[in-house]
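Note that chain A is present in both complexes that follow, paired respectively with chain B and with chain C.
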Partner chain A sequence: MTRAGTVPARLRRYAPFTAASLQGLLQYRATFLINALTAATAVGVQVFLWRAVYAGRSGGMPGGYDLPHLTTYVLLAQVLGLMQANRVDEEVSGEVQRGDIAVSLLRPVSYPLARFAAGLPVSLTNATLVAVPVVVLYALLLPLSVPSPQGALLFGCSAALSLVIGFGVNLLVGLAGFVTTNIWGVRIVKDSVVAFFAGQVVPLALMPGPLAAVAQALPFQGMVDGPLRLLLGRYHGPLEAASILGVQLAWAAALSALAALAWRGAVRRVEVLGG
Partner chain B sequence: MRPVSTTVRYARLTWQLSAVSMHRLTEYRMDFLLGAGGLLLRVVCQVAVIGMVFRQAPEIAGWHYDQVLFLLGFSLLPRGLDRMFTDQLWILARKLVQNGEFFRYLIRPVHPLFSLLSERFLYPDGFGELLTGAGLVWYAADRLALTPDTAQLLLAPVLVLCGTLILASIKTLFASLAFWTTNSFPALYAANQLGDFSGYPLDLYHPSLRWLLTWLLPYAFTAYIPASYLLFGRAPLLPWLFAVTAGLVALALAVWHRGVDRYEMTGS
Partner chain C sequence: MIVAENLVKDFRVHERGPGLLGSLGTLFSREHRLVRAVSGVSFEIPAGTKVAYIGANGAGKSTTVKMLTGIMTPTSGRALVAGLEPYRERRRNAANIGVVFGQRSQLWWDLPVPDSFRILRGIHDIPDAVYRRNMALYRDLLDLDALGNTPVRQLSLGQRMRAEVAASLVHDPKVVFLDEPTVGLDLVLKEAVRELVNRVNAELGTTVLLTSHDMGDIRAICDGVLVVDRGEVVHSGSVHELLRTADTRAVLFEHEGDPAAPTEAIALIEARLDGASATVVDGGRIRVEYPTGRWTSRQVMGLLLEHFDVTDCVAPEPDLESVLRRIYTGGRRPAPRPEAVG
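Right, the complex of A and B next:
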C-alpha cells in the first residue's frame, strides 16, 4: 500500500523536467521546421533513388520489398529517426561543457531519469508536429502500403522500446562530453553510423549477408529495422515477432544499465576535476 | 598598384591566419580526428548505401556505380574547401547578430566579411571531406579508366573553385539574413540541407526539383554539371557556370553589404 504510493510520487518529481522541456520547445518553433525539412529531404533522396532502381530492373523484388513497401519503410524510418532525435546528446554535452552539470548534481533526482523526462516531450512533439506533416505530404505524392491493425499494434510497442534504446545511445553520446570537446564530431559519427546500422537508410534485408549479420548483432537495429519489420509484417509466425520485441527489450535494459554505469563513472570524474 | 598590394596583403593574412588554425589542429588532436573522422565515416556510409543500391540494378538513370562514386567524390571537393574557410557563417546565422558580438568584425582594418571568416580559416574538419572526396574521385577515375583531355585537366581545378564559390555564396546569402531576422540558422540549415540532393545524379529527380537545384539554389553547378563534363565530356549547361558563379557571388556580397549597413544603423 505504502509502496504503491511512493512510486507515482517519485515519478511526479520528474514532471517539472518534462514541462520545462515542453516550454522550451515551444519557444524554438523553427527547430520543427528544420527537422521537417531534414526528414523530407532524406526521404526524397532515398525515394527517388529506389524508384530509379525499380525502373531499371526487369523483375523481382529486392529483399522481398515491392516499391510501395520500400517507400513506406524509407518514410517511416525517418519518422522513427525523428522520434529518437530527443536532443539528449546535445543537452547533456552542453551541460558538461558549460559546467552546468555541477548544478544538476545537487538536485535530489536521478540525472539520467530527469534527462529521459526532458527528452520524452521532444520525441513526442517531433512525432506529431513534424512527422505527421511529412508523412501526409508523401502519402499524397506516392503510393504507400497500408499496415494491418495487428502490425500497427506491434509497431506501437516496438516504437516505444525504440525510444528507450535511442535515449540510451544519446545519453552515452552526451556523456562523451566528459572526454572530448568536439561533441559535434562525436555526433556526426553517431548520426551516420547509428542511422546506417539501425536500417534507417537501407533495410537490413537489403544489406549483403555479413553486413546484415553485424547490423543484426548491434543494438541499433532495434531503433528502426525491428519496429518496421513488425509494422510491415516481415516475420514468420508470432514467435519471431516476439523475439524481435524480446531482443529490443534486452537491448533497452542493457543500454540503460550501461548509461547508468557511464553516468556514475562520469560523476566520479567531475569530482576529481572539480576540486 | 593599390589593388595588387591589397591582394598581397589579404593573401598574406590568409596564410598567417591559416597557420594559426593549424596550431589548433595539433593542439586539439583528438577533436580533429573526431571531426574529420566523423565526416569520413559519413562518406563511408554513403558509399555503402550506393553500393547496396547498385546491388539491385546495374544502372540507375543511365549512371553506373563508378560514375556515381565519381560524382559523390567530386561533390565533396568544393564542400570540403567551403567548410574549411567559411564555417564561421554558421555562427553568424546562429548568434553573432543576436548577441551583438558582430561589431568585433567591423572594427578591424580589413573587410568585415574577411574578418568574420578568418576566425575559422582552415577549419580542420573540412580535411575529412576534402581527402575522402579526392580519394573517391581518384579511385572511381581509375576504375573507369578515365583519360581526361588537356581541356578537362586544366578546367578541373577551376570547376572545383567555382563550386566552392557557389557554396560559399549560398551560405553568405542565407547567413546574412540574420541581419534582418537576428537568427537565420533555420533558413541557412534548410538551404544547406537541400544541397544533399546534389551528391547524386540529378537525372533521378523530378524535373521541378532539378530546375530548383539548377537555377534557384544552383547546387547542380557544384557537382552534377562539372562531374558530367569530366565523365562524359559533355554538359550543355557548363557554359553557364561562370555566369552563375559571378552572379551569385555578386548577389551574396550585395545582400551582405546591405545587412552590414543595417546592423550599423541599429547598433550604436
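Right, the complex of A and C next:
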C-alpha cells in the first residue's frame, strides 16, 4: 500500500504487465505465422531486387556494400523492424479511443513504464518466434556475411537501445490519440516515415547526401541503421562505434523524457474525452 | 475519508452546427462553449460508512467520481480521499482505492479471470495472507471458480461483473467506488455481491461510495444517501431521512363488503379526504394515496376504520424511486445540507 520500497521492489510491480502481455500474445498464435510470412516476403522482395541491381551494375559497389553484406543488412533490418513493432502505438491509442485509459489510470503504477513492460514481450516474441526462423531460412538460401564477435556484441547493445527508441516513438504516436481521435492515418504515416529514415528500406549510406544528412539528424537512424553499422563493422575505430551508441543513448533518453512529458500533458486532457 | 469541497468541473464543448454544413464549419472555426457538469459539490463521507451517490443521468455523478478517483482534475474546489488529493497524487491514491466502472473492465481481456487476479496481486504487491483470505472469500461468496479458464472477453456480463467487484476489493482498499456493480446479475448474484460489499465494510471498515440506479442495491448496501441534481448535492442524510421527504404516502386495505362495487368506497374516500386518490389494485385492495402535508396517517386511518370493516391493512414505506423521481423532475427540493452523512 505504501510507495516505499527499493528500486527492484518497485520494478517488480511491472513484471505482471510483461507476464500478462506474453500470455495474451501466446493466445493468438496465428499472428506469429502471419508476421513470419510478411517478413519473409518483404526480405525476399528486397533481396532479389538488390541481386538484380548487382547483376546489372557496371562496376563499384553501391555505398561500399557487397552483395552478402547488403543481403545481411536487408534481412536484419526486417528483424529490427519486427522487434520495434511493439504495438504500443496501437494499444495506447486504442485505450484512449475506447476510454479504457480511465481504468489504466486507476492502477498504482506509471503508465508509460507499464506500457514498456507490456511491449517488451511483443518485441521479444517477434524476435524469437518470427525473426529466428526467417533468418535461418535465408541463411540456408543465400550467402550472408558472418559478423565478428565484437560486431555481434555491439549489435546486441545497440539493438537493446533501439528497442527503447522504438518504444519512445510508438508511445508518442499512441499519445497523439489524445489530440486526434483517428490515429489510424497517423500510424500509417509513422510506419513509412520511420521505416524510411531508420534505414529499413535503404541503408542510409545509399541515400543521396542531403537526405542522408537529414536521416542522420533524426532519432530513427538509431533503430536500424545504427545497430547494423555496428554489426557489419561499418565504422572507423572504436571512437565512431562509441559515438553510434552514444547518439542512440542520447535519443533514447530524450525520447523517454519527451514521452513522459507528453504523458503528463495527456493525462490533463483525459477529461476532454470524458474518460 | 472522502471530502469534497466546492468541487466544480467545467467541460469545453465544441460548437457545431447541424448537418453536413455544420460539420464542414468545424474545419474552419472551433468555437467552444463551457458546460458545467459539477457546480460546487460539497460533502463529507466518514470512514467506514456506505453511501449511495445518486442522481438522474447527466447529474454529474460520474464526473464527481472521476475527480475522486484521480482521473479528472477539478476546475476548482478540492477533493480529499484518505488524506490525498486524488488528481495530484493519482498513483498513491490508486493504491488506496478500488473502483468498479460498470461498462469498463479492469480485467485482462485476453486472459482467464484467475490470471487477472494474479496480475493485480503483483501490481498492488498484496501480501500472501491477504490475497489468500480474499480469494477464499470470493470463491465462497461469488463462486469465482465457476468462471474457469475462459478468457474474460468470452464471459457474459454477469460473469464478468462478479469478477470486477472482487477485483476492485482484492487489495483491501480503504475506499471502494462502485458504479452499477450489479448490472447484469441475477437475483442470487446480486445478493452475493451486496453481501460481499457489506462484509468487507463490516470486517475491514472499507468506505463505500455507490452510484447505482438499482434501488435494491442502495437499500441493501447503503446507510447514507447523497442526491445530486444538476451538479449540486440536493439531499444528504440517511436513506430513512430521504424517504421521509416523500410528499405522498399510501395505505392499502381490504374490507368486508361488496367487493364487486368498490366505486362507492372510492368515491367516499376521495370526498372525505381532500387531495387524496384511491384506486383498486391487484387482489381487490384499495390503495389510498394522500398528501402528507394535508393529512396525517392517523386521520387517514381513522377515516378508514370509521367507514369500513377493515380486514387487512398495509402502509408501505414510501417508494424510494418515486421520491427520487420527484427530486429529479424538479419538484420540491429538500434544502441542501452539506454535512456529514451516515
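Convention: the second predicted complex is superposed on the first by the 265 of 275 C-alpha atoms of A that agree within 3 Å, B and C clash if a C-alpha of one lies under 4 Å from a C-alpha of the other, contacts with A are read in each partner's own complex, and residues count from 1 in each chain.
Quick note on the criterion: contacts are C-beta pairs under 8 Å (C-beta built on N, C-alpha and C of every residue); 3 or more make two chains touch, one makes a residue touch a chain.
Being a predicted model, the structure only gives us computed values, none of them experimental.
**Q** Examine A:Phe48 and indicate which partner it touches, taking first as chain B and second as chain C; both and neither are also allowed.
**A** A:Phe48 sits against chain B, while chain C stays out of touch.
**Q** For A:Leu137, is the partner it touches chain B (first), chain C (second), both, or none of the two (neither)?
**A** In the superposition, A:Leu137 contacts neither chain B nor chain C.
**Q** Examine A:Arg13 and indicate which partner it touches, taking first as chain B and second as chain C; both and neither are also allowed.
**A** second
**Q** Going by the contact rule set out at the top, does A:Pro108 touch chain B (first), chain C (second), both, or neither?
**A** Second partner only, chain C.
**Q** In the overlay, answer first, second, both or neither for which of chain B and chain C A:Arg268 touches.
**A** second
**Q** First (chain B), second (chain C), both or neither: which does A:Leu249 touch?
**A** In the superposition, A:Leu249 touches no partner, neither chain B nor chain C.
**Q** Considering only the touch criterion stated at the top, classify A:Pro208 as touching first (chain B), second (chain C), both, or neither.
**A** Touch partner of A:Pro208: chain B, not chain C.
**Q** Considering only the touch criterion stated at the top, classify A:Gln23 as touching first (chain B), second (chain C), both, or neither.
**A** In the superposed model, A:Gln23 contacts chain C only, not chain B.
**Q** Note which residues of chain B are touching chain A in the complex, please.
**A** Chain B residues touching chain A: 28, 30-39, 41-42, 44-45, 48-49, 52-53, 55-61, 125, 183, 185-186, 189-190, 193-194, 196-197, 200, 204-206, 209.
**Q** Help me check something: in the complex, which residues belonging to chain C touch chain A?
**A** Going through chain C, the ones touching chain A are 9, 11-12, 66, 69-73, 90-92, 94-97, 99, 101, 104-106, 108-111, 115, 118-125, 151, 171-172.
**Q** Show which residues of chain A lie in contact with chain B when the two form their complex.
**A** Contact set of chain A toward chain B: 30-31, 33-34, 37-38, 41-42, 44-45, 48-53, 56-57, 62, 180-182, 184-189, 191-193, 195-196, 201-202, 206-208, 211.
**Q** Touching residues of chain A toward chain C in the complex: what are they?
**A** 1-3, 5, 9, 12-13, 15-17, 19-20, 23-24, 27-28, 99-100, 102-103, 105-110, 267-268, 270-272, 275
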